[in-house]
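In what follows, structures are represented as structure tokens.
What follows is chain A paired twice: with chain B in the first complex and chain C in the second.
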Partner chain A sequence: MTNHWVDIKNADVILIMGSNAAENHPIAFKWITEAKNKGATIINVDPRFTRSSSKSDIYASMRSGTDIAFLGGMIKYALDNNKYNTQYLLDCTNSSYFIDPNFQTARDPNHPGQFSAKDTWTYHLDDSGNPIKLDGALEGICPVHGTACGAKTVFTHLKDQYSIYDATTVCSITGTDPLVYGTICQTYCDTYLDYKSATMLYAMGWTQHTVGSQNIRTATILQMLLANMGVAGGGINALRGWHNVQGSTDHGVLYHLITGYNPSPQNIWKHSILGAVGTTNSFLDTETPKALDPYPSVAPASGNWWGNRPKYVSSMLKAWWPTIDHNISYQYLPKRHKDMSHISLFEDMLDNTPDSPRTYPIKGLFVWGTNPGVIGSDVERERSALHNLEWMVVCDLFETETSNFWKRPGVDPVTIKTEVFLLPGAAFYEKKGSVTNSGRLAQWKDKACDPPGDALDELEILRRLGDAIKSLYSGSLLDRDKPIVDINWPYDPRLSTDLTEGISKEINGYYVATGTQVTNFVGLKDDGTTACGNWLFSGTWPDAGNQMINRDPIDYHPAQIGIYHKWGYSWPLNRRIIYNRASVYQTGSNEGVPLAPNKWVIWWDAAANAYKGDGDVVDGYATARPSAYYPFIMRNEGVGRLMGIKGLADGPFPEHYEPKETPLTANPLTSGLGPLSNPAVYVYPGTIFAAPGDPNYPIVATTYRLTEHWHGGAMTRNLPWLCQIMPEPFVEMSEELALAKGISNGNYVIVSSARGSITVKACVTKRFKPLTIAGKTVHQVGLPWHWGFAAICSGDSANVLTPHIGDANTRIPEYKAFLVNIYKV
Partner chain B sequence: MAITRRDFLKISAGASAGILFGIFDLKPIIAYAQANPPVWTSEAISVCGYCSVGCSMIVGSQLIGGKPYITYVQGNPDSPINKGSLCSKGSASAQFSTIVSDDTGTRIPNPKRLIAVKHRAPYASDWDTAYITMDQAISMIAEKVKSTRDTTFVETDIKPEGILTVNRCEGIASLGAAAFNNEAAYLITKLMRSIGTVYLEHQARV
Partner chain C sequence: MPATITMIGGISLTGIRLLIDTSKCIACKACQVVCQQWHSLPSEDTNFTGTYQNPPDMSGANLTVAKFFEIAALSKVKWLFFKDQCRHCEVPNCQQHCPFGAIIKQTDGIVRIDPDICNPAACSGSVNKPCQLACHYNIPKYMYVKDGSSVTTDMRKCDLCYNRFGNLSLPAASQKPSCEATCPPGAIFSGDADTILIQANDRVTYLQANGFPNANVYPNQSGVGTLTHVIWVLTEDPAVYGLS
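Take a look at the complex of A and B:
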């Protein structure tokens, strides 16, 4: 979340799309209700009428997988009706920057539905290599080269790109009622006024698509057009899943990252050495953004906060290997050689590549409190991949579909070689430590009691495992073993005698020479004198002590916007609303005055030449006046990107593509002339899909979660109360579809996709309605996840049906839009 | 005294009927709760372990067989986020630790919780019956890590420009962390990267 849970109360309009807070983040709905009670309008867009819909002022149905069309039409509405915030766009975004003259949007008739080559997705530069922008206007002629160059501004390209996203076209793609759609466009875009804000609450309903990243990009464009970024009651707010999925992402438990959103090294020559900015073939030179500024010699400057990357990477290396020069210990980090995200990992475990001998490169697997045996897409494919392992270690509270894959129904255990260890872990209240919620807020937990029997806090399991591995390598003189031999395991003993506290202090960072804590990441160095496990959390445990345990329940912010800066600690630097420099006027006589004074976040007082007290922590450069720096300090040009520069794999602007499995045979947006589905998506060899418009699978299916169950179900299907409330899986469908199929509520039905079939109960409701898509009737059904063959309530998993394909950028699996058919048993 | 599910249903039956007819009479439940205050040995402040809202919780324990178990959770009224409330999952979460037996009406440790290591040998049709300690399991696992790492480790890649140090262990993958605390998530990254793991993922994508 750019903002945080309590901040939702400050919104004038709330768009709940791609999420269902009432059921999946129930307590967060308290703040949506608070906003509503203060007069906010709640809009909900969802394929299914959910409990969030029931609490909304406006509900629109849509076909799953068509969010870009829906939001793209809202962008066109804002542009056509002058409902965008010109001053904000000029001051805070790249709207007025010129783009490479060779760039063409997906509206170019020579390549409908696709963009010009990727090397054109860049700024148009002057002779000094600085981007060229217009001053005081969003559209016009290049001030350096005149009309000769033909370069156009981002804003001109944006208008061109969305010119065909009219309401009629959009609604023929999404199936939304055009009258309701019009009301949503108007209501939402009216927040372009300075003093109004609107927030977007999304979750996996936006990310789990082949166009997931571009769904978010579309939202970002709209929020910047309407001046809704950086302000109270605004932002792009990912309602994240697991209670510490934010924290474990922050700590880099992902193949493409190390800690604090620094990239993991790759086996490319440009990553040969750690080096420094300016060094050839250096990781830091390659990965540290250089500031871009149309006018480098005058304010505002591009703050380019990622210019600090060398300090953060070097300090992490010193935290792990403090006795080794960080230029040497950089080579201790493994260099990845391909995509190794969740789906790729399982495909490599299957080793299905045609025409090459199978070597099963992955021999051993650790599974830490997760359950791919239920949550993996095309889950039987992922379960069967586990057969190829030599060994697997699962750490969990209960037996799971993953730990027990070898004795699942339909397989003979004696044919499966995998050796399995199942280690008992601790429930969340049986251990102390911190967790980071969706609003980036780290909160400390006390330990309530010991875990039962031999079960242990996972931190202790990891410590003992690391000790055991380290002792096996003790004395080795081989270069390849040095990363283990030299590791400071589990943490620097000077920091604490307590494991959890010691690790937490290492994450905060300390001076290598003295072992005393750094105050925060501003004190980190790239010369090897500071150690810091994760720069984002630097400030959580300075010399003054643990800040995450702060529990002062008072909002000290003068405008009472719900900052609560003495409750827990929010990264970075206890800032509660990131990009908050964009919440004030940037220049002129109004400089520093908030766009919305009644719900100000920060306020620069010109007379006092300082920010008012008890505001939010100013985004970077805490004492610098607004006009000193461009507001979006994490971008190297300092402004928000309406157009993605170099951008995502699928384009610098989002474009509507059909899901990989679609009931249509032509993309209605481009009248069939452009690509049907996302051309940038990777299709794994041997994966199976229904054909476009496949008559065998005519029904659009989506998956969702229930209030009473959690993800793969291990944490809820072993608790009697929750099993009693929600005992078994089902498929939810409209009365119209049920009638057509001769199905009554409560009947058992077979749901089948190109990948497999499940038998579940039918739940016939008015919450789904047939949609008219490109002139034909399309039915949608919904299936909750959660179930499997283990635990005290069991049933078929909906993921038997879902496809093994991911987003073009992140490879997050497509769980949300696929094709099925349904038969009464 | 433990409130069994049957007791709860009995006393809440009147209230449920009331809700059905739009009359919210919680008096019987309140009276019952006042007459039977929860008894706990210790209290701690925790954060709910399901979703990412981060609801603060007060967690109470009682002694069962001389050992403390969690018997009671409630929302922390001080929390600016949840202000004392919890959802159905959070409210049920004491059941990770204990449940009330429908047969006896007494509070017992959740019988499904894992309390010891389980081991399944290759081609075995069930878990081993022999007991092993956590430390025995960890040393067996460490041996497997070493042998797998030593046979699948790639020290260098040949690139067109020359030989590149890559120090990569391709044979071991690691999934998960989001159910754990920050400190454990960080230690997974630190341990896995130090042995050379490149197949490193958690629930962010799934």
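Take a look at the complex of A and C:
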């Protein structure tokens, strides 16, 4: 979240789209309800009418997988009706920046539905290499080269890109009622006014598509057009599920990241040495952005916070290997050699068969607190991949479909060679430590009780594992063993004798020479004198002690916007709303005055030449006046990107593409002239899909989760109370589809896709309706995916049906849109 | 709040009242689970019957159940939720019909069944016991099914977590019914009976002016027969929820 849970109460309009807050984030509804009580309008867009829809003022149905069309039409509405915030666009975004003259949007007739070559997705530069922008206007002629160069601004390209996303076209793609769509466009875009804000609450409904990253991009464009970024009640807010999933990605659990959203080194020549900024062909030089200040070069300047990356990476290396020069210990980090996302790992395992062994096969797998035997897409394919492992370790509270894959129905255990170990872990109340919620708020908790039996806190399991591995390598003088021999395990002994606290203090960081804690990441250095496990959390445990344990329930912010600075600690630097520099006027006579004074976040008092007290922590350069720095300090040009520069694989602007499996044979946006589905996705060899418009699988399906169960179900399908309130899997369908198929409510039905079939009960409901898509009737169904063959309440897994294909950028699987057929048993 | 205040649309009542605001309920069933936890009740057997509502009704194992209603009007769908439970009548008919005097009405208005006195097997040969037949709302239950077998219990219903009020072993914020303490959107409130009724009437007025013309307080509190210590704010006519 750019904002945080409590801040939802400040919104004038709340768009719940790609998420289902009432069912999957019930606590969020505390704040949605509070906003509603103050008069906010709740809009919900979802393929089916959910418990969130039931509490919304406006509900719109849509076909799963058409979010870019839906949001793209809202962008066009805002542009056509002058409902965008010109001053904000000029001051805070790249709207007025010129783009390479050779760039063409997906509206160019020579390549409909696709953009010009990727090397044109760049700023138009002057002779000094500075991007050229207009002052005080969104559109115009290049001030350096005149009309001759033909360069256009981002804003001009944006208007061109979305020129065909009119409401009629959009609704023929999404199936939404045009009247409702018009109401949503108007209601949402009316928040372009300075004093209004709207928030977007999304989750897996936006990400789990072959266009997942671009769904989010479309949302950010709209939020910037409406001046909704950085302000109270605004932002792009990913609702994250498990209470620490935010913390897990913050700490580098994703394959392409090390801690604090620094990139993981790759096996490429540019990453061969750590180096420094300005060093040829080094990791830090390649990965540290240089400030990109526009022509003409006048204040404000780009803050370019990622220019500090060398300090953060060097300090992380010192935390892990304090006695080793960080230029040497950089060599200890593994260098990834390819995409190692979830699907790719399972495809690699699958690919290693006795008949065609891989040269470097994946021999073993650790599975911690996840259950790919239920939550993997094309899940029988993923279960089968486990057959090819030599060993697998599962750490969980219960036996799961993953740990039990070798004795699942239809499999003869004798044929499975994989040796499986089950380590009993601890539930959240059986261990102490911090958890970080979606709002980036780290909160410390104590342990309520010990885990039962042989179960252990996972930190203790990891410590024992590390100790055992270290002892195996002790005394080795081989270079290849040094990463293990030299590692600081489990943490610097000067910090504490308590494992959890010691690691937390290492994450905060300390001075290597003295062992005293650093105050926060502003004190980190790239010269090896500081150690810090994760710069984002630096400040959580300074010398003054653990800040995550703070529990003062008073909101000291004068505008009572729910900042609660003395409750827990929010990264970075206890800032609750990031990009908050964008919440005030940037220049001129009203510099520093909030766009919305009644719900101000920060307020620069010109007379006092200082920010008012008890506001939020100012985003970067805390004492610098607004006009000193551009507000989006994490971008090297300092402004928000309406157009993505290089960035994503599939384009600098989002474009509607059909899901990989679609009931249509031509992309209706480009009248069939452009690509049907996302041309930038990777299709794994051997994966199976229904053909476009496949008559055998005419029904659009989507998957989701319910309030009553958690994700892969290991934690909830073993709890009798929760099994009782949602005992079995089902498929939701409209009364119209049920009638056509002769299905009654509660009947057993077979749902089949190109990959497999499952038997579940029918939930016939008024909450699904057939849609009219490009002139034809399309039915949609939905399946919750929690179930599997293990646990005390079991049932078929919806993911037997889902495709093994991912987003063009992240490769998150397309769980949300695929094709099925349905028969009564 | 003085007990003598003259109510608009309601008779003055002393003691505790619980308000369940269905316009805020998201039917997450946290109230069901926490109720079983506080009362140390087991799960019962269920299966999916075509609705999210589960268990289908109250039982010896479940003292409250969120009920789901789908309606469609003018091409708009509504999904209504009703957290069903004992109303805690000011004049509890069940109490008057209990042959053993097992049903207690506390001075704060809470109506509860003493499990040490209640004995369904002894009180009537009929499957439906006198208190059940007497209840206007079909609330008390004494059976459930577990692992395929029928289990008989003492007669059970909501006791408004009477032993949480003023319970100093709980944090101050938790000294109220467990469902209220747990409800994520804050749809449940307890407090002084008249204050809560004013709150309910205010909410109904607000809802009627903001898209819910049929909003009402249920039971309507207009006479002794419908005067209760648990009330609901409904967004539709009670009949839509199958209530009379």
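What to note about this one:
The definition used in the following text is that the second predicted complex is superposed on the first by the 813 of 825 C-alpha atoms of A that agree within 3 Å, B and C clash if a C-alpha of one lies under 4 Å from a C-alpha of the other, contacts with A are read in each partner's own complex, and residues count from 1 in each chain.
Please note the rule applied: contacts are C-beta pairs under 8 Å (C-beta built on N, C-alpha and C of every residue); 3 or more make two chains touch, one makes a residue touch a chain.
Computed from a prediction, not measured in an experiment: that's the story for all the values here.
In the superposition on chain A, A:Phe49 contacts chain C only, with no contact to chain B.
Of the two partner chains, neither chain B nor chain C is touched by A:Gly260. Shared-chain residue A:Ile27: touches chain B and chain C both. Once the two complexes are laid over each other on the shared chain, residue contacts for A:Val245 go to chain B alone; chain C is not touched.
In the superposition on chain A, A:Val764 makes contact with chain C only, not with chain B. Of the two partner chains, chain B and chain C are each touched by A:Glu708.
In the superposed model, A:Pro294 lies in contact with neither chain B nor chain C. In the superposed model, more residues of chain A are touched by B than by the other of chain B and chain C. In the superposed model, A:Leu722 makes contact with both chain B and chain C.
Look at A:Glu390: by the touch rule set out above, it reaches chain B but stays clear of chain C.
The intersection of chain A residues touching chain B with those touching chain C, taken from the two complexes, comprises 26-27, 30, 707-708, 720-722, 724-725. By the touch criterion stated above, chain C contacts chain A in their complex at residues 24, 26-30, 32-33, 36-37, 42-52, 54-55, 70-72, 77-81, 184-187, 211. The residues of chain A lying in touch with chain C in their complex are 22-23, 26-27, 29-30, 32-33, 49, 51-55, 57, 59, 706-708, 720-730, 745-746, 761-767. Across the interface of their complex, chain A is touched by residues 5, 42-57, 59-61, 67-70, 73, 75, 78-83, 85-90, 92-93, 95-97, 99, 102, 109-110, 112-127, 133-135, 137-146, 148, 151-153, 155, 157, 159-162, 164-206 of chain B.
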